[in-house]
Structures are given as C-alpha cells and as structure tokens.
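The letters A, B, C and D name the chains in turn, as written, and every chain counts its residues from 1.
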Amino acid sequence: MEAGKLAPEWRTEFWLNAGEPVSLASLRGRPVFAIAFQMLCPGCVAQALPQAARVRAAFAGTDLAVVALHTVFEHHAAQGTRAALEAFCHEYRIAFPVGLDAPHPAGGPSLTMRDYAMRGTPTLLLFDRAGRLRQQRFGHVEDLWLGAVLQGLIAEPPATHPDAGQATACNEGVCNIPPTGA
Amino acid sequence: MEAGKLAPEWRTEFWLNAGEPVSLASLRGRPVFAIAFQMLCPGCVAQALPQAARVRAAFAGTDLAVVALHTVFEHHAAQGTRAALEAFCHEYRIAFPVGLDAPHPAGGPSLTMRDYAMRGTPTLLLFDRAGRLRQQRFGHVEDLWLGAVLQGLIAEPPATHPDAGQATACNEGVCNIPPTGA
Amino acid sequence: MEAGKLAPEWRTEFWLNAGEPVSLASLRGRPVFAIAFQMLCPGCVAQALPQAARVRAAFAGTDLAVVALHTVFEHHAAQGTRAALEAFCHEYRIAFPVGLDAPHPAGGPSLTMRDYAMRGTPTLLLFDRAGRLRQQRFGHVEDLWLGAVLQGLIAEPPATHPDAGQATACNEGVCNIPPTGA
Amino acid sequence: MEAGKLAPEWRTEFWLNAGEPVSLASLRGRPVFAIAFQMLCPGCVAQALPQAARVRAAFAGTDLAVVALHTVFEHHAAQGTRAALEAFCHEYRIAFPVGLDAPHPAGGPSLTMRDYAMRGTPTLLLFDRAGRLRQQRFGHVEDLWLGAVLQGLIAEPPATHPDAGQATACNEGVCNIPPTGA
C-alpha cells in the first residue's frame, strides 16, 4: 500500500517467540520494523530474514520493535501450518516474534497481505510511533538505506505528528490516516 | 559409513524431477554425485544444494549423475510430506532428481540415512562406476576438492576395479563390497 | 582519538578527484564521512572503500561529504607516491576526493594519522556540521550502524551545538573542542 | 595463445618467495598452475589470487606447482617496481613464488604477456608435465572446473604424450609443440 496512507491492523492467527499475541496497536508508541516473508521464498531466507536479525542486533539499545509476518500466498499445504512455521523458526534460529498471517478461505494471499496490497515476498513495512505506515518495499533493500530510515523513525518524538491522536480511528480492520510525506 | 566398505541401495519412497524412480543400481556404470539434505537445513539450502547445481552445470558434458536424497530426521510433519518437498523444489528451482528417503516407522532418521550412518545433513555421497561408495562427507566441502575428486571418478574406466563384477551381490538392501582405498 | 575531544585539521599534500584541495574547514557546515586507508591494505580494498562508495550513493540526496585520506604508515616507496595513488584510484574507479596525508620526515605514520592517534587502516572518521569528530572507528563497521549514525549527523541542524561558533578556534593544526556525547 | 600450440619460456626479471629463480623448464615433469596478474587489477586481487591460494592448499599433497607472474601492462611507475611487488606480496600474504615479468623497453605489456598474446589480467595458464600449455583463460574461472582440469593434469603420467621428448626443442624463447587437444 502507499506509504502514509493507511495502516490496517495485522490479521494474524498466532505468534511464535512472543509471550502474548502482537498487534500493530500493541506496539503503538514505538517505531516498528516488520518483514513479511514466506519460509519457502529464497530471497526471504537468504536476505530478508538475516537482515531482520541484523536490524534487531544493531538497534538493540533502542525501542524499535522487530517482528515478522508469515504471509503465505502459495504452497499453503507445505508452509501454511503451525508445524511448518515452528520447524522453520527453530532451524533458522529466528528469535524475534513471528506471526502467521490469517489465510483467506479461498486460498491465495493471506489477509494482511491483501490489506496492504503486497506484491509478494519479502515485503518490508516500517511504521512510525503513531502506527502509521511510513515505508513499504517489495524485494531487497540496502542496509545503509535501512539504517538511515530506522534512525529517522527512532529519532521522532511520540507527539511529533499532529494527527497521532487520530490514529486509533480504525474500522473494518483499516485505519484511515491522513497522508504524510514518506 | 566408511568409504569403500558398503554401498547399500537407497530406500526411497518417490522421486521428483525424474521420469522413473532412480536407484543406485539404475545408475551403475556412471559415477554418481548424491547430496543428502533436508529442506529446513540452513547449510543445505545456502551451500550444499547450490553446489549440487554447480556440479550439474560444470559436468554437463560428462556422464556424471547428480541426484539428491531428502533425508528427514527431524520436523517430519513440516518437511516429510510430498507436498512440502514439491513446494521446496519448485521455489528453489531444483532441476535434478530428488528422492524422498523412506521414513522409519518410529521416527528419527530415515532409512538410507541409517544404512549409511549419516551424522546429519548435508552429507555428500560419491559413488564410482561400480556402484561403490568412494566418499562420504558430512558438512561443507570445497569446490576445488570436489571438482578434483569428481574428475577422478569420471576418468575411471568401467572395468578399472577387479571386483566390479561382484557389485551386484546384494541382499537385504545392502551390497557387500570389498574395501578399496578412497 | 577520542570522539568529540579534538578535531585537528587534516594535513594533506594533494587531492585527487577534487577541483580544489579539500580541508575539514572547507567542509564546515556539512556532515563528513572520511575513510583513512592504504592502497595495499586488504581490508581497506575489500571492505572499507566499497563501503565508502555505497555511502556516497546512498546519501547522494543529502549534503553529506564523502572523502578518503591515504594515510601511509608502511611501504612508503610502494604506496606513498602520487603515481601509485593515481593508478590505484583509476583502477578501482574511486570517484570521491582522495587526499594524500602528508608523510612524516622520519617515516612511519603520516601526519594526520598521528594527530588522530589512529591505530591503523582502515579508520573511519565521522564529523558533524560543526567540524567536530563524532566517531572514530578502527576496522570494519556494519552498514546498518553506519547508516543510522550518518542519518543522525545529517539530521542535526547547523546550530544544534552551543559551541559550534568556537569550532574555528584552532591553533597548531589542532582545534580544541569541548567534549560532547558521541 | 592457443592451448597446446606453443609453450614459450617465461621471461622474468626476479622471483619472490623462491630460493632460486623459477622457470617453466625448471618445473618440467610437474603440472603447473600459473596466474598472470597485476597488483592493481581488482579482479586479480579479489578473485584470482585468492583462488591461487586455494589451489595451493587443496593440492598440497600433489606435485602441482603453483606460481604467479606479475605481468604489468599499465601504470608501470606504480606497480612495476620490486618495492611495489614486495609490499603487495607482504600485505596480501602471498606465499607462493611470484615472478616479475620483464618489461618491454617501449612500455605496454610485459614480455611473457606478449609471447602468450594475453588479453589482460587475470590470465590463467595451465601446463602439463611435458611443459606444454594446456589451458589459457582470461578472466574468472570456476573452482569446480579448475579442480577437475587440475586433477586431469595431475593424473597424467610423465610419458603420456608421445611428443614429450621433443618439448625441449626450443629456440628464441619459444618451444614449438605439435598441437594437442585441450
């Protein structure tokens, strides 16, 4: 989806590596790095998930939240189960919270994937402290660019945006947020 | 298992990327590169399977056979099904024959994995034209070493070994082969 | 040297890829990325200089200055000449300004290298808009960390530091700057 | 030059990492891996020389000879001196013999480079036990291919070629060898 336009709540079925279910609302007040992936997506495994682990380590001293969304849009039998996701996270030693995006009854892309009109995996989502989507990128992004953008989000004060108070005006799983420059 | 000692037939359930089921016996007369892997084994995905694809390309002009064995010893629910293996081979564009090693009824390592006393995945198996195991290596091996060993096997004439005629003297899925220097 | 403590002017003999000689003073008002290297230092060639090129590309839309200092402390006959540095920059397609740090008459480390008490090459120097040293790192640094720190420096307004006006109070090639948090 | 056609003696000025000067004739009887490089050639530094070191390690148990020729064709002032080559070999920890190919009085490519009609650097030269050129490759070659070709050369018996005895029929620095299939 277009950055700054909408910030729909994630629609997940369960979370691994998390004491309680994670939601975009529960992370309000913190900048959020979320990587949407599939366990059988080569680019996700080789690049995006290792990058997420690097982000988690590099920004461990900040309040940045690092999570992943397992957004299955193909091979549902193979990678859409809890057992598959648990085995994958165990073998690849994924230590940050991973949520299974809820499947669509008709198959194809999962629900959050549809809400954000993702083109595929990996897709990077960056949210500011007000819960607004600030960056959505399909494919690989460079560490230098990512480090700079994250630092920018971390440096923003919680009340930096005049519309922050309106960010909870959501319905039907979609939060309508006034446009903001990305 | 120890190189040159035994060459048990593989005990697979089905093969992908192959018109007919592949067996060690069906490849007799050709040198064989076989990589035992698991689809959720990071070292297999990052190194061993790409190396197998490089071997296939580099030796395309020879009669070297290149195959893979999916030897599951953990996370059976996640990676032990045909659907999981098919999805993996599709996403990672595996073009050479891949056989699912038969599971043990009690779980744990699959049957061929047990026969060869493999320590884990990836495990490289190299066989000569007489069907004898010549190399078994757990973990990563270097391309230079591998290229040299494969060239050595390819250069061997079919009748170079005096015991080649006895190689079909198998029973109970195990071929007893006199020791040979690796 | 310790970050924030001192910001001595660079003592260079000549510059390549620059219309006019570059100095720390001439870059006052802009954040500065400077990489001290030797052309025969493997880590510089393999990692630090490619990273400098990535920084230049990633921050092309900002006023960040990217320069390199050829700080020779060994093999002066081989790498200390203008011909050697020109050939190196040509072959490695270095496009940003590169200054030759002035040699010490007695050999050993060059002058700026001594002023900053560098331990070797590569050494990263990051300066803020006021010309103060904010980071000095020997060896490899990660892109994520570097992107974040650079974004922080870029985001600082020129007048953010109360002592900025004093930054030109230099003598004997050394500017005495009050300590600041790195 | 064309493989198998000619095997001119190398025309070097001096050797590093060698007790005595090395020549193609002095290596007769052994297979030879020779890499022609320039110290300021990025592809040589990043790929060809590390590959040579890997070859030396992988075939340490054989009689393969591993050497390098510093074939300067540009930036003679910067990289054509003994001091430059010594500094480079020291910094990059080159442990195998390195010879400086003799410069041409008129500049441009060095003498052996001209004799072999090399197109640039890196150029790989592989010789058999009879001293004949068997492979000449400009640019990067894959480890798998290289390992296989080297194993083939190592496996050849000294007297495998009927013309081996004629290989010393050289004059004017050029040995005329009957064509052989590469």
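Criterion: a contact is a pair of C-beta atoms (placed from the backbone, for glycine too) under 8 Å apart; a residue touches a chain by one contact, two chains touch by 3 or more.
Every value quoted in this text rests on a predicted model; they were computed, and no experiment measured them.
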- Message: Along the graph of touching chains, what's the shortest path length in steps from chain B to chain C?
- Response: 2
- Task: Could you pull out the chain whose C-alpha mean position is farthest off from that of chain A?
- Result: D
- Message: Based only on mean CA positions, could you tell me how far chain A sits from chain D in angstrom?
- Response: 54
- Could you please state the distance in Å, as a whole number, between where the Cα atoms of chain A are centred and where those of chain C are centred? 37
- Between chain C and chain D, the Cα-mean centres are separated in Å by 40
- Message: Where in chain C do residues touch two or more of the other chains?
- Response: none
- Note on the structure: Among line, ring, star, complete and other, the chain touch graph is ring
- Note on the structure: Touching pairs of chains in this structure are A-B, A-C, B-D, C-D
- Note on the structure: chain B contacts chain A in the complex at 40-42, 45-46, 74-75, 77-79, 81, 83-84, 86-88, 90-92
- Message: Please output the residues of chain B touching chain D within their complex, sorted ascending.
- Response: 54-55, 58-59, 142-152, 154-155
